[in-house]
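Following this line, the structures themselves.
Shared between the two complexes below is chain A, which pairs with chain B and chain C, respectively.
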Partner chain A sequence: MKRAFLLTRRRLLSSIPVLLIVVVGTFLLLEAAPGDAVDAYLLSIGGGDPALVQSLRESYGLDQSVFARLWLYTSALVRLDLGLSVVFGRPILEVILERLPNTLWLMGSATALSFGLGSALGIAAGARPGSATDRALSIGSLALYAVPSFWLGLVFSVVFAVQLRWFPTAGIETIASGKEGLSRALDIAWHLVLPVAALSFIYLALFLRMMRAGMAEAWRQDFALAARAKGLARRRIVHRHIARNALLPLVTMLGLQAASMLGGSVVIESVFAIPGFGRLAQEAVAGRDAPLLTGIIVVSAVLVIVVNLLVDIAYALLDLRVGAAEPSA
Partner chain B sequence: MNVFFRLLRSPEGAIGLAVLCLLALTAIFADVIFPHDPLSIVGPALLPPFSDPSLPLGTDRLGRDVLAELVHGARASLAVGIAAAVVALVIGSLIGTLAGFAGGLIDEALMRVVDAFQIVPAFLLALAFVSVIGASLPVVVLAIALGAWTGPARLARAEVLSIRARDYVAAARVIGMRPLEIALSEVLPNALPPVLALSSVIVASSILIEAALSFLGLSDPNVVTWGSMIAEGRNVLRSAPFLSIVPGIALMITVLGVYLLSEGLADALSRRRARA
Partner chain C sequence: MSHISFTRRILLQSTAMLAAAAALPVRGFAQSGGRLVVAADSEPKNLNPAIVASNGVFFVASKVVEPLAEASFEGKDGLAPRLATSWEGSADGLSVTFKLREGVTWHDGKPFTSADVAFSAMNVWKPLQNLGRLVFANLEAVDTPDEHTAVFKFSKPTPFQLIRNALPAVTAVVAKHIYENSADIAADPANAKLTGTGPFKFAEHKPGEYYRLEKNEAYWGEGQPKLDEIVYRVLPDRAAAAGALEADEIQLAAFSQVPLADLDRISKVDGIKVYSTGYEGLTYQLVVEINHRRKELADLKVRQAIAHAVDKDFVVKTIFLGYAKPATGIVPQNAPEFYDPDVPTYAFDVAKANALLDEAGYPKGAYGNRFSLKLLPAPYFAETKQFGDYLRQALAAIGIDAQIANNDSAAHIKAVYTDHDFDLAVAPPVFRGDPAISTTILVKSGTPDGVPFSNQGGYANPTLDALIDKANQTVDVAARTELFNEFQKLVAEDLPLINVAEWGFITVARTSVKNVSNNPRWAVSNWADTELES
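Showing the complex of A and B:
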């Protein structure tokens, strides 16, 4: 447990400068956009006279220099204050935290499904490299890997929602259903089936291919030969020796693909009209809401750091060698 | 040349190469096959596929020829995919070489920047970039490259760190070459091959990101792309699903072709190494 704690502390310290680069970079990028928050606000209320513009610029702090505002933004960020959204007229953190759970459910379920099914199929393929099962699964996964997830989502909704009517076409739950507790959870799960499937298929292929490659590699190692020479049953070799050794890189991949899955959820949430974090990003773009977009990028970076930290801790618990050389001071 | 023949002999490589050659020819000769503007109206709206021999894939919501749009869309997809990969590889290998060669504080600072780009989802970054600068093909290329250069940068740096310690670099230093000259003419060319191996993955993901961006409406409205065709077809998804399904299949075949070619290439190269 001490190793995990030291690892956490070191990781958190080293992520501070990285996060600072993200904040400054995003701020300067959005600064380059034509127009500012006052323009966007005036557009939404239908215009105003120059005196109003002047007073709004002053109250937003937009009459100050870029660097003064960057300093203000960063120091407010330390107090977890991301500013006000132009589109929603509410604190950005509040809006984001409201939307985040839907996306976390979507991503969490997609990760669980792709990791579970992907590694299981990978074991089936890697149990006998070169066999018919292996060939079929390898080619199938390559084809799956090439499918654009948003298109897959549309196809799913045509087939399973419009034609077969098994699942709802859009939304996160039945509107105004008044459901509570377990029946509400089931309702949300029912709405999430298609988006989760569309989002997870590409990662399922990724985990399958990694597992298969890792197992093919492990078969060539001496310990596999030793296990066979001992006369162990093939099932036992596959599960206890080969698959186990191929599993660790998959855990690393779990953290690496977090950022890409968060990006993928933007399009999937737009296809299935799920009011989540990704759809919020699209709404911020559509509403030219620079403060909200900055907040979204900063929060997504924090999210990716947290996921990677969790993966690192899991890795340290699985592999005792990790972090053992950490200075204990 | 030997690698090329071995590539042709592996089924993956041969199929991938054939698919991509066909696509490249389609993209290059799009103006010859369909000389008129693919966005012009040529027939009645929502004509189903295979019903009119002069419009084999039917028409969309506005009566535009789907096949012509598809052929012209190949151009945008391939051009953006390849251009984004080239930009990402150039930026990545230059920064990676610089970091690995300079070492010390410069290395540390550059690698933190790489970290920063890696923890921001590439798609969100592209979305923000395109929405700020405005949607046109060069901006989309740059936006995609911004999220893709970190992989090549890390790999190039690792390669450079190992090459830097070799004897021929020491020899170059002894004969009085300047550090920048050594970095660009001795180290970079030798660090490049493993970095180039990443290119197929970057091309494939760039094509997919471009499609997703245009699906969300962030692409040049005057250029037909497969992503914008899917988005356009989505409006009539219930009555004419083929309008969204057909360009999606084209996207899938393209990306699959890139992956097959890279599998075949990796196979051919590793067999050469095994024999050597």
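Showing the complex of A and C:
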């Protein structure tokens, strides 16, 4: 427990400079993109006269210098105030909290499915490296990995939603349905099936390949030989000895994947019209909404840091050697 | 040992849960009797049509907040009465009198009166609205002799023709009692939860998901509205709208949300109909913007050569798949009041274009190149991007090497309208019923940098400017129309820009939706007579 606490403290301290770099970097990057929030807004309303353009720039604070705005933004951020979105005209925290749950559901389910199914299939493949099952699974997973997620999403949508009508084509829940409680939860789950499948099938391959490679490696180790020499049942060797040793790198991968899935969900959210975090980021970039985009990136960075911390703790629990050598000061 | 089984259980549970979700019984997409679900591709930041006169806002807001008059196929001067029952301009152009509809109430039950119109005009349209600032620039006061008469007083002669043509877009009336104590009307929270007099009441907006409007039982139109509810479902992906229509999850997609390339296939699906009408009042124009600061492009012969190099029929057939018309000039054919076909035209003629360039003193050099240009196609429409690719090839045929620069929307606007960092640009301006509203600004000189959809190509023609100024003060309808005929000729002659094609959007609807596209601004009108057959 002490190890976990030390690990957490060390991680939280080291995340402060990371967040600072993220904030300044995002702000400046979007600033470097040509066009500002007023340009984007004027497009949406079909233009305006010079005085309107001028008054808009003033009301958005765009008549001030980049550094004045960056200072204003970061000093407010320190007080945990994310500010007001230019695109939505609403508090950024409110906008983000509205969208975040949808993405967390999507990503959480997709991560669970790809990790669960991927490692299960990886065990099947790694139980007998080189067998027909192994070959079939390895080739199949590679093929899946090569498919772009937006295409897979569209194909799922056309086949299962438009043709077969088993699932809805888009959305996070039935619109304006007035559903509450369990029926709403089921409704959301039903809407998530296609996007989660599209998102997780791509990432599944990675876990599968990794599990399989780890197991193939473990088979060659002495303890595997010892277990066989003891006369243990093959099933028991596969599950308790080989698979367990191959699982550790997968946990690391889980943390990394959580981050890349945040990016991958942009496309899937757009295809399935899920009002999530990725789509919000897209809207923020299109509208040149620097405070909103920075807010999104900060929240994503915090998410990634937390996930990685959880992964490290899980790692420490799975492998007692981790963190044992941490300085206790 | 317990660690691994713990992980496995979690793993099995999570997969099982997802599998269970997948196996849920298939349910039908039953619609309640009168709910029309339509696709929306954007959620405007400010939904108040009195402040933001744009199609994105009108698409939702026009059902809630009504203008004084709406465009019509049959009505006199192409108008049908809404909140005003009649309108008349004085001979001196200094006043316009509106008789207002009686017995109309706001959605909160308060009566609608001339005070609301006066407040909207003086406090919202004139100071705040993107188009109203121009149309009502000289509006001095609105007199209200009685509750149902509003007299607009102008400080300078203002053409009644312009006011009349602008009525559908710029006169959405908002309630005085809601905004009169507002410190900042443009940022008032009431803009997100509209109150109007329209056939539908604003019910809710779930950001990223939908808008819901519900029937206004107290609407002034007899037996209207027909629908109980309209739900705008936010579908940002274009392919998604077509799929949702086929699956009957939505019943209507307007503004070409179903891509042109899908129309042929989807029109063959049972129960789906494609409408190419209902946008006559919202004509979009495909235009090549020219930077006259480039010495080659400042030469009229070069501009004529470029005009001759473009095969407009090919553009209409291949890029717009027939859902467009070749343009002859800066005023579209859908504006019969102003359209003049008798202007210089530029037939597709590569040999002539090459000859003109030779004459202009730009002979073909190495690899047949005369000179290079930077081409910026506007990224807002698939068609403008595709035309950019076409134009590059068309220019190559006459020895001009066009380098395409791809930007996203905000970057394109900055590059063209602020930085002037382009030689040629492809733009889709809109004709809004009168050339003075958003068309003359495309060629008139003197607009400061940074104003999108204006002449930022450095073109200045004193004769043309004088003509535009004169038309802005000419009250007599026939004389003003004549001035705009001259204006069209001059533009076609001098080519400050090149008009290639003009198009309206496409609506795709289930056949169960009745009374679709029955006026020239249908998608942005009030849908009071729209019906849903079950």
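The criterion applied here is as follows: the second predicted complex is superposed on the first by the 294 of 329 C-alpha atoms of A that agree within 3 Å, B and C clash if a C-alpha of one lies under 4 Å from a C-alpha of the other, contacts with A are read in each partner's own complex, and residues count from 1 in each chain.
The rule is simple: a residue touches a chain if its C-beta (ideal position, glycine included) is under 8 Å from a C-beta of that chain, and two chains touch if they have at least 3 such contacts.
On a predicted model such as this, the values are computed, not experimentally measured, just so you know.
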Inset, instruction - Please work out whether A:Val158 is in contact with chain B alone, chain C alone, both, or neither, and reply first, second, both or neither. - result: both
Inset, instruction - Applying the touch criterion given at the start, work out whether A:Ile305 contacts chain B, chain C, both or neither, answering first, second, both or neither. - result: first
Inset, instruction - May I ask you to decide whether A:Leu82 touches chain B, chain C, both, or neither, giving the answer as first, second, both or neither? - result: neither
Legend entry - Comparison of chain B and chain C by chain A residues contacted: C
Inset, instruction - Report for A:Gly287: first if it touches chain B alone, second if chain C alone, otherwise both or neither. - result: second
Inset, instruction - Quick one: classify A:Pro148 as touching chain B (first), chain C (second), both or neither. - result: first
Inset, instruction - Look at A:Ala33 in the shared chain and tell me whether it touches chain B only, chain C only, both, or neither; answer first, second, both or neither. - result: both
Inset, instruction - Kindly classify A:Ile297 by the partners it touches after superposition: chain B alone (first), chain C alone (second), both, or neither? - result: first
Inset, instruction - Classify the contacts of A:Ser270 with the two partner chains as first (chain B alone), second (chain C alone), both, or neither. - result: both
Legend entry - Which superposed partner A:Leu247 touches (first chain B, second chain C, both, neither): second
Inset, instruction - Could you list which residues of chain A make contact with chain B in one structure and with chain C in the other? - result: 33, 154, 157-158, 162, 270, 285, 288
Legend entry - chain B partner contacts - residues on chain A that touch it in the complex: 15, 17-19, 21-22, 25-26, 29-30, 32-33, 142-143, 145-148, 150-151, 154-155, 157-158, 162, 259-260, 262-264, 266-267, 270, 281-282, 285, 288, 293, 296-297, 300-301, 304-305, 308
Inset, instruction - Show which residues of chain C lie in contact with chain A when the two form their complex. - result: 1, 3-4, 7, 11-12, 14-15, 18, 21-22, 24, 26, 29, 37, 42, 44-46, 52-57, 130, 133-134, 187, 204, 206-210, 212, 229, 231, 233-237, 239-240, 243-244, 246-247, 249, 380, 407-415, 417-419, 430, 438, 447-448, 450-454
Legend entry - In the complex, chain B residues that touch chain A: 112-113, 115-116, 118-125, 127-129, 131-133, 204, 208, 211-212, 215-216, 218, 230, 234, 237-238, 241, 244-245, 248, 251-253, 255-256, 259-260, 263
Inset, instruction - Write out the stretch or stretches of chain A touching chain C in their complex. - result: 33-37, 39-53, 87-89, 95, 98-99, 109, 112-113, 115-117, 119-120, 154, 157-158, 161-162, 165-166, 168-173, 175-176, 186, 189-190, 192-193, 196, 239-240, 243-244, 247, 270-273, 275-276, 279-280, 285-288, 317-318
